[in-house]
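What follows is chain A paired twice: with chain B in the first complex and chain C in the second.
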Partner chain A sequence: MEKVMSNKWIIALYVLPSLLLIVAIIYLPIVLTGYYGLMEWDGISPMAFIGLDNYATLMRDEKFWSSVNHSFLFAVLSTVFLIVYMSVALVLSGNIRGANLFRKIYLIPMLLSSVAIAQLWLKIYHPTTGILNDLLTTFGVKETPDWLADPAIVLGALFVPILWQYAGFYILIYYAAFKSIPASLIEAARIDGASPWQIAVRIKVPLISEVIKVTIVLAVVGSLKYFDLIYVMTDGGPNGASEVMASYMYHKAFRGFEFGYGSAIGFFLLLICLVATWVIRRLTATKDTIQYS
Partner chain B sequence: MTTAETAIKRRKNPASRSIGGGIVYGLLYVVLILASVLQILPLVWLFFFSLKNSQEVFELPPFALPSKPRWENYESVWSQGNISKYFFNSVWITVVSVILTILLASLVTFAMTRMRWKLRPFVLGLFMVGMMIPVHSTLIPLFNLFQKLHLTDNQANLVLSYTAFNLPITIMILLGFYYALPREVEEAAVMDGCGVNRVFFQIVLPMTASVIVTAAIINMIYNWNEFIFVNTFISSDHLKTLTVGVQNFVGQYTTNWGAVGATLMISILPILLAFLLLSNRIVEGIAAGSVKG
Partner chain C sequence: MKRKKLTAFALILALILIVSACGSGSKNGNSNGGASAGNGSNEPSGEKITLKLMHLWPDGSNSAQNKVIKQIIEEYQTANPNVTINTEVLENEQYKNKLKVLSASNDLPDVGFTWAAGFMEPYVKGNMFTSLDDLLQGDLKDKFVAGTTDGYAFDGKTYGLPVELNIVPVYYNKEIFSQNNLQPPQTLDELKNIIKTLNDKGVTPITLGAKDAWTASFWYMYLVDRLGGPDLLDESIANNTFTDPSLIEAAKQAQELVDMKAFVKGFNGLSNDEAKSEFMNGKAAMYAMGTWEVPNYTTNPDVPQEFKDKIGYFKFPTAAGGKGDVSDWVGGVGVGLFVSEKSKYKEEAKNFVSFFVQKWGEHSVTDAGIIPATKVDTATVKLPQMFIDLLNELNSAKKVTLYADVQMKPVASEEHHNLVQALFGKAVTPEEFAKKQEDALKAGK
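So, the complex of A and B:
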């Protein structure tokens, strides 16, 4: 058994194809992103080494920093909304009739492509014929806003479909976590006279702290690299008011042909995502993880 | 997850025991129903305007169907332009990538959980960290890499990218299941003189059928909806997939909302259908794929 199961050739045969694939498609490119970031390069003519110039320019690039701000705004908002999702999941997990159906319905938007969602919401936000302004007009609003063309409200308008898309995902994760808490623990607390509110805040939420950590990472990192919906709905506009890190990188590289500069942004994005993950994990690290299953 | 859910027996809801509790329960219910209506309403609206002509879209109330639903919108959209082409591109790219990912991930997971070798923790780490890398940071080097290999504007680059980026999460979903598989069966098989390949293909792989279905669905949803790789790596119109194709196609129609609606409905129907048939698997897969991170 031992001998059969430690056959080097078979192990190589099973693991190497996948390993080569992720090295070629994931790891080699991130190393190259860092390397290209040191170059002046338009994608066609030969690269010229310019050291950290791109990064120095990046630090002074106001458009870049405003895109960073927008990304972080999305990250903060997404994290705050986790509390709402957790509350919904808490209610759903409390033996509500039809809980299963509810969480499935909530999940539907997450399964659709960002392009379809973006196109649908473009129609919803359409300034003259969209359903939203239609509704406002029937309520007597005279001056209906142009949701995606107004720099003051465009970020908020983009955040709504993002919420709509991902709500079900987080509710599902929290629901599954709450459901995996053994009933005996809750029963014991009830016998000790704890109110439903106390049980929720003092017992259920702390018990799923590991899952909460994971969802915070997902929400923050997901927001920092958000791209598809914004690219389709506003393309970063009007005048950069909804530009985020990934869209700014895309514009610089594939529209402006500044591949070196784009790579510097890409590398920055990578670092920020990794650092954010690390920081959140450190900040929320619990000394002893709770074992109950 | 599901076993835990069924293990918790349904109890009479404690909140419904008193009148005050009944009101709270009722209010919560109203909120839950309202939220699910909000989650589906935009899709219902999309479906309704896909059955109208432009005049009806603007004149009829948003949630009114025309007296005669215009199914011909679907027909004309399907036969015009490249929608059917995009559709079948999406189908084959999704199917091939899913099969490749599942096969490679199964081989890796088998070697990780069943075979003995020194570099195992390191290699597993490489696969798991791959999950945290934002695809945008790899975009410029990948584009350049594919260009050098003469693979831009070739759908093979999509299959390779989808497979590489889906391997980590697929391996993660499979890992838990593999750890729980009993070893006795394969030990007996090895005693009887089975080689590793036969143990894997004839014994272990069939035993993992259920988790493979779950992982395959998650992969399918991801690949079907993928946007940025197709948008960046594919320039010929006839090679595009549905997400990007739809984006360009819809862009031509600024006024024909019926056509836009029908196009978007066609692009999301396969996923909605999969959801109706396999919602339990989808819910299970999404929960499994996220919580363990």
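So, the complex of A and C:
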């Protein structure tokens, strides 16, 4: 059997099925999206090649740029909130009483699907029967906000459930990373007289820097292509106040019958994500990676 | 050694199987088109076949329609034992989306529902629907109310057959009205007085789920009609202009209603279903919605009789000095049936459509209280009063203006939805609203 596994052909044979699948399901559609982006196409009639016209329109499309702004706002806020998640993970990993219980509490939203979360928060935000406005009323607020109908606050209102949804994911990643730091290092620092704060900031956080980079990329790219919760809760409304790139693409392609234009948006989104990833890697690049041993 | 060869052989075999399975699978998907439910075999028609039907009336929210469809299918299958009808049900918005995806992948069901005019134009141009003229000339000749099939005709050919005819009355809760000594309004000013009175008493005057923007469009369309007369909106959309002062005045009036807090709090973030529940719970006094809601106030066994008795309707009030008439309605044909051009069993599908339309005409009236697009003989059956009243309204209607978003082409229609939300959310001025609507119409998409 070992001999079988050392044969390059056999290895290729094992890899091939999943390789084919990945190419067919991921890479081929990317190429096709780029191709459709060059077409004027309503999804039904024959396509007409129009070169980069869709992209030229895209550059002038105010609504698109406002959706890009919203997406980037989400990306920046999500990244900032990583600090909060990291602090929580730090505390949880420090053998506090009830850490197990807290870990479970933070993880629960991850078990729910986005649609369930959206439905839950729709109830919470309901202008008249929602628990949030009920609470505000009992505190004496006369004019309770219309959380999902007011263009000025709808983005903020959407961001809360999104943060809540992903908190468990990032806390878990950080928690695992902190737990993997050898106890001897911490022990040594403690003997040298380092305070818990110093241990956290000078030792623990630098040691998981690789993990931090990965989470930043995940948070940024994830925010840029965010779609499901917004689609269910506001559908990009009112009047595009909570439109993000992915929902705008969806609206153009499926509601407006502009599949070519929608594909152009999708391809542009891919490019933005790639650029963002590259920029983050450059910004966070360190020459010497810290090793445990 | 022998084992090694065997392993390699087994692997290759497995791979070939996988690859060939994938290949044939996708081939089926492409060539079969709409008839993919037909077991993939090449049985000649007349033998056991399966027709795929997609509709948009799930059991929970539109149970009356849902029941009628189930009944018709059963009757059809009894009359044609060789045919099995497979149904797929999706809620309104999902239905529209799925229809687009299916037609883009050439996989439309044999029979399905479509909306008229602008909505179905891309499908007709893309040669997705088959012409149903032979049915109209044959089995179904003179069965339809005059003009109802017009919206489904392109270049003289009819590609869909309507099953519903709807108008939009304003339903109101009689109990709330009488508790506050109110009468159904005749004029816009009276409506505004009612709104004031109800707001003072802490009752929500009008419920509106403007997250689904077409609901707010009803209000705008009525204001346009009452101020600018019955033909203004049709002509404006047909001529790609939106500059008539009445169109702007209607937008102003709409915003005035918003300023008066006429609509339920946070209406721009509420879906139609959420808004409807405010009315069904007796928390809101008025609700403008199509006559497809009438079963909920007449025949639907899930709604308590006590509540049904409380509900009345009134015609949208007239505006002082406006050109519109109280007997002008917003409404028009609702959804209609199409047969996929790619269907493997086109004749059977058409046969089913013909059967469906005729049976729908009978059942929808007697069992469900839905107004069909086919002619109704009210003399022979006993019907709920509200239903008869609305049928009479329809017969005496001076003009039924087809929903603005259905009249417009897809891109302009989508923009209309955004703009109506912006108008009611006070994110645009009435002038900007008209200007942007005109730009969207002029783009011609």
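We adopt the following convention: the second predicted complex is superposed on the first by the 281 of 293 C-alpha atoms of A that agree within 3 Å, B and C clash if a C-alpha of one lies under 4 Å from a C-alpha of the other, contacts with A are read in each partner's own complex, and residues count from 1 in each chain.
As a convention for this text, contacts are C-beta pairs under 8 Å (C-beta built on N, C-alpha and C of every residue); 3 or more make two chains touch, one makes a residue touch a chain.
Note that this is a predicted model, so its numbers are computed, not measured.
Trainee: Under the stated touch criterion, which partner chain does A:L32 make contact with: chain B (first), chain C (second), both, or neither?
Mentor: First partner only, chain B.
Trainee: Have a look at where A:H251 lands relative to chain B and chain C in the superposition and call it first, second, both or neither.
Mentor: second
Trainee: In the overlay, work out which of chain B or chain C sits against more residues of chain A.
Mentor: B
Trainee: Once the structures are superposed on A, label A:I280 by its partner contacts, choosing first (chain B), second (chain C), both or neither.
Mentor: neither
Trainee: Scan A:L58 for contacts with chain B and chain C and give back first, second, both or neither.
Mentor: neither
Trainee: In the overlay, answer first, second, both or neither for which of chain B and chain C A:V15 touches.
Mentor: In the superposed model, A:V15 contacts chain B only, not chain C.
Trainee: Check whether A:V4 is in contact with chain B, with chain C, with both or with neither, and answer first, second, both or neither.
Mentor: Touch partners of A:V4: chain B and chain C.
Trainee: Which partner chains sit in contact with A:P109 here, chain B, chain C, both or neither? Use first/second/both/neither.
Mentor: Only chain B; A:P109 stays clear of chain C.
Trainee: Given the touch rule stated above, what does A:L207 touch, chain B (first), chain C (second), both, or neither?
Mentor: Once the two structures are laid over each other on A, A:L207 reaches no partner at all.
Trainee: By the touch definition at the top of the document, which applies to A:W147: first (chain B), second (chain C), both, or neither?
Mentor: The answer is second: A:W147 touches chain C but not chain B.
Trainee: Give me the intersection of chain A's contacts with chain B and its contacts with chain C, in residue numbers.
Mentor: 1, 4, 10, 13-14, 17, 43, 254, 259
Trainee: Touching chain A in the complex: which residues of chain C?
Mentor: Within the complex, chain C contacts chain A at residues 4, 7-8, 11-12, 15, 18-19, 97, 100-101, 103-104, 122-123, 125-126, 128, 204, 210-211, 213, 264-270, 274, 278, 283, 410-411, 414, 418-419, 421-422, 425, 427-428, 445.
Trainee: For the complex, give me every residue of chain B touching chain A.
Mentor: Result: residues 1, 4-5, 8-11, 13-15, 28-29, 31-32, 35-36, 38-40, 42-43, 45-46, 49, 57-58, 62, 104-105, 107-108, 110-111, 114-117, 123, 126-127, 130, 132-145, 160-161, 163-165, 167-168, 187, 190-191, 195-197, 200, 221, 224-225, 227-228, 232, 242-244, 246-247, 250, 257, 260, 264, 267-268, 271-272, 275, 279, 282-283, 286-287, 290-291, 293 of chain B touch chain A.
Trainee: Note which residues of chain A are touching chain B in the complex, please.
Mentor: 1-2, 4-8, 10-11, 13-15, 17-19, 21-30, 32-33, 36, 43, 88, 91-92, 94-96, 102-116, 119-121, 123-124, 129, 131, 134, 164, 167-169, 172-173, 176-177, 179-180, 183, 190, 196, 211, 214-215, 217-218, 221, 224-225, 227-228, 231-232, 245-246, 249-250, 253-254, 259, 262-263, 266-267, 269-270, 273-274, 277, 293
Trainee: If we count contacts the way the header does, which residues on chain A are in touch with chain C in the complex?
Mentor: 1, 3-4, 10, 13-14, 16-17, 20, 42-45, 122, 125-128, 144, 146-151, 154, 234-235, 237-241, 251, 254-259
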